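Handing you this structure, nothing more for now.
Going in written order, the chains are labelled A, B, C and D, and every chain counts its residues from 1.
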Amino acid sequence: MRFFSDNAAAVCPEVMAAIAGANRLDTAYDGDALSQGLSAAFSELFGKEVAALWVGTGTAANSLALAELCPPHGAVICHKDAHINNDECGAPEFYTHGAKLLTVEGPGAKLTPESLTERLDLVPDGVHWMKPHAVSITNATEYGRVYTPEETAAIGALCRERGLGLHLDGARFANAVARLACSPADLTWRAGVDILSFGFVKNGGLSAEALVFFDPDRAAATHYRRKRAGHLLSKGRYLAAQIHAMLEGDLWLRNGGLANQAADRIAAAAGPERLVEPVEANELFLKVTAQEAAALRAQGFDFYDWAPGEVRLVTSWDSDPAHVDSLAAAIRAL
Amino acid sequence: MRFFSDNAAAVCPEVMAAIAGANRLDTAYDGDALSQGLSAAFSELFGKEVAALWVGTGTAANSLALAELCPPHGAVICHKDAHINNDECGAPEFYTHGAKLLTVEGPGAKLTPESLTERLDLVPDGVHWMKPHAVSITNATEYGRVYTPEETAAIGALCRERGLGLHLDGARFANAVARLACSPADLTWRAGVDILSFGFVKNGGLSAEALVFFDPDRAAATHYRRKRAGHLLSKGRYLAAQIHAMLEGDLWLRNGGLANQAADRIAAAAGPERLVEPVEANELFLKVTAQEAAALRAQGFDFYDWAPGEVRLVTSWDSDPAHVDSLAAAIRAL
Amino acid sequence: MRFFSDNAAAVCPEVMAAIAGANRLDTAYDGDALSQGLSAAFSELFGKEVAALWVGTGTAANSLALAELCPPHGAVICHKDAHINNDECGAPEFYTHGAKLLTVEGPGAKLTPESLTERLDLVPDGVHWMKPHAVSITNATEYGRVYTPEETAAIGALCRERGLGLHLDGARFANAVARLACSPADLTWRAGVDILSFGFVKNGGLSAEALVFFDPDRAAATHYRRKRAGHLLSKGRYLAAQIHAMLEGDLWLRNGGLANQAADRIAAAAGPERLVEPVEANELFLKVTAQEAAALRAQGFDFYDWAPGEVRLVTSWDSDPAHVDSLAAAIRAL
Amino acid sequence: MRFFSDNAAAVCPEVMAAIAGANRLDTAYDGDALSQGLSAAFSELFGKEVAALWVGTGTAANSLALAELCPPHGAVICHKDAHINNDECGAPEFYTHGAKLLTVEGPGAKLTPESLTERLDLVPDGVHWMKPHAVSITNATEYGRVYTPEETAAIGALCRERGLGLHLDGARFANAVARLACSPADLTWRAGVDILSFGFVKNGGLSAEALVFFDPDRAAATHYRRKRAGHLLSKGRYLAAQIHAMLEGDLWLRNGGLANQAADRIAAAAGPERLVEPVEANELFLKVTAQEAAALRAQGFDFYDWAPGEVRLVTSWDSDPAHVDSLAAAIRAL
């Protein structure tokens, strides 16, 4: 019974069917109709003309976005627990050719206008210091927290004021939108987001994320950078097909909601004392002793030791309701 | 009737079935059994212990190989018509952090010990010049020609003598082996090849190529570089599954042979006068006038204008025999 | 009697005096009055508001200029014998983060609108190919030839038409201006040059070249890039002082003329049959047999073997007139 | 009366004389006898065969050292207040092609085996995290503190144990050695240092630092990297001459001692309550109110506001004794 990572989940049937459905002779790279149709599909979703392209991984999507927003001699501000800072083996540094990530601390892996301002003000003017050019936030965050549209807009306003680009790592964007029941537009471009890494792989996709440029004119160089990074698959139609399947009938949102609900049921069983962070998406951070953790594992539950006395549990679109019930019962019984 | 590119071909059913078969909850990234089993599978194929890993595109595979063989201040020697020099938007320069491709001319996009020696001898000693660290050859070449084991071994011997690494871009390795009816070992490590980009996507795969390190100790850094380039897919098992399906019962070799045979039939119809290059793999370069090209297109054949008075036709594992017959007939009738 | 390279020449007394004159406590980096005064000094020289900064070497100057004009995924067109392509160990690739140099052939290491157009037209549209963003020419060229203002303007016009930046490597700019007796403005910004590497080291300086941006707004990022490359000396005033000394009373032009005249005298002695290239600056390429070369060396003349049957001789601002006379006589006597 | 930075000091007469003395025709780049003699000179100083080369700035020296010790996908551990992390505009990231600086906190900008171990242990195994390959310490530190030979050796031992290279930023190495009255060998290679950036510019030099490789075989690639970074001056003899002048008769050590003594006199005047850090080199960090700082400035003293209620004063080899006395008196009188 795996609650280890949503990365380990299966591919959802609609996506699998779409891959099979794309299996005909067609134009190579992203010249096919499915790939060419991504911008229109996302423009409809966001209620605004956008430019969108597929990318194979979230790491590549994030790094390409940062390379657009920040020159090699600039800096990107992010939370110290951000995926781009912690879990991508320096991909942002590779794609930006050496830009620096300046980190901020704060609860829930969330930035605030205050913490951001404080960090920005630490950077003196002058060529000895890498000047911040962009901010990157993650929604839902690495600790399963969400930014509301208002919180995002406050950061967006600060970015505009300071002349900074704003990137949103949306590896779990679906979970955030499902939780907030807001429009995708309110959580992105209306709040000042310039580029979104729209995640699908953790949410039922196989190998396709989308990069969404809310200023469509800003996407041009990224097509070159994607090719140059070896991310322009010659059979791109199978990636585009996955994304179209996820967008069709808002499957992405439904899947995100399923994962959230599974997390909620476990959270309810755990009770507020055990929760290190409020559960706002599909991740739970629980205080459990080493003995308790061992007891859960002995019952067949698989999860991640996060810190001393703390474990991380992640649900996904395909979390088996019976497993979720068993886990909830097991936690209650601790 | 598409003879445009083998990149545009469909995915073969065995590969599609393997993808579907991998669709269960599993460990993320390349921790799954399929990914972990690649080195063993390729070790068996090559009759030698190797280290192998999946990569999403041939461009990424080539560039990762070159980054292993050449430092940022070094040079790689290749043919001027090599894919790495011409068609990858500077991916080798990106992954190697600025190494230089020094090019050699010669028929069939093939290097020879002579042309290689001549180029090497043009580089003076000293820090003003980027010192060659590696050679990259393509087999089958960009002009549909093959290097025999003997030809490869002669280049390999020169590389050893000069202290150069040897990379083999095997985007169409299957076509080469099928044509030469030799062992994969004779065409690679026994001939001095250090790293092979083993292509599957042009040959019936969807999104998986393999990097094969004939010195298994040499693969370690590439795991970091792959992650850092955003090429460590979180659901890597679907890539590993494709490769295992291709290796199973030598499907890769069968598919390569099918494409070659289709090319042979068209070549036979075209006759030696029309052939710009001998047909040794699945690409044909034909002398046809603009009018003849237009006539073929009017009959529904799609292909690439290569040069004035010259077109390129590419067959693939799934070239429809009826289409091949029609094309052969149409060419005969020109 | 050294005719090996103008790089080996001494520092002229005015420059040495200026260095000594700068030796007082002052502000660090480029905050001192001398450094801050460079833009004004070059604005006066060029009859136009420019931004100028010191850089320690021509290689760094060239590379910083190219980094401003070309993104990592772009290409720069230059002559195959250009210093940036041949003699800088990949510095342009390092500073641009992997941009590609696309080379053109042609006599005298000179580009022409025709050769440039031909090369540009070889690059297809699309992300598979690195798109040209800039052109770099050298004046005087690596073969001691000059571009006239008209020739430069023709290239400049083509660059504008094609949307390309134009860089001028002026390691021997002084020799070119001295020969052409034209205004520096006519040979640069009036002809469409965007950035000039204005060389002083070969011409009597010690360790200071200037980067001149004819659009002053374009210099901002280069200040960061210079620092980041470790080229912002903490005692920059000693570099600025060298440049002011060279500009004072047009010392640079006088020195360039002295070197040219020395070359002219040797050229006259050699006669047209021996000259591989017309002598238009301070470099001579002479046809001499191995025996003749040995005979010259036996008389104490030091120079560079350029190609079989061909030697290179370089004069400088401090070429001893007696040595020049001796060499002229020795060549006549061959 | 400037106590702003030792970067702003003048060049000492012996160095100026050496520059003038090098002003004759000679071989270009580093082919001259002075440049070629550096390895021998430093081998003598360190009592061991080393390889040494000149570099124009400390930033370039540090970055070249780190590029040798750490691959692009690796990490370097340093103090968060290290010059390489704070003041070089990302030069380490540029030269290493994107390696990450992992920072450690602790008093006096000093690392300890404990803080280092703690940081190292935070990095999980696996390709998602940039693996530490090197440690960089600064002696004297950015806060004017010194590492003793024993402290250095403890860090060196940990580095060996963990397979890490050890770089020493010796921008103020002279001040450290002068203070500790130890042998340069004990503070470097005998303590496990692999590469030293030996600073001269803050200590009376004009534009020359030295990179010292205690394993001479390790210097080869740096010669290419230096050229490729545009740091191989064509008139390198003037840099080598500066270094020889500094080494001659231990001028470097005498100058370092002069700066230390000036700092000591001010420290004595300030008294322990005002000192934020013990004064162990040529930097003082004093607690003074804004009013007190203004009063000092009104008397003509120039210095840097470091933090609220804290100023930094730096002495140098040429600090005027009269100015030092005046400052000491003025501080006493506050």
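Details
By our rule, contacts are C-beta pairs under 8 Å (C-beta built on N, C-alpha and C of every residue); 3 or more make two chains touch, one makes a residue touch a chain.
In this text the structure is predicted, and so the values were computed from the model without any measurement.
Of all chains, the one whose mean C-alpha position sits at the greatest distance from that of subunit B is D. To find the repeat of B-D among B-C, A-B or A-C, check which pair has over half of the same contact pairs by residue number; it is A-C.
Subunit D has its Cα centroid 42 Å from the Cα centroid of subunit A.
The distance from the centre of subunit C to the centre of subunit D, with each centre set as the mean of the Cα atoms, comes to 34 Å.
Subunit A has residues 72-73, 88-90, 94, 97, 127-128, 130, 224, 227-228, 232 in contact with two or more other chains.
Chain contact summary for the complex, subunit B toward subunit D: residues 71-73, 97, 127-128, 130-131, 221, 223-228, 232.
Of all residues in subunit D, those touching subunit C in their complex are 2, 4-5, 7-11, 16, 19-20, 23-29, 55-61, 63, 88-91, 94-95, 201-202, 206-207, 224, 227-235, 238-239, 318. Across the interface of their complex, subunit D is touched by residues 72-73, 86-90, 93-94, 97-100, 127-130 of subunit A.
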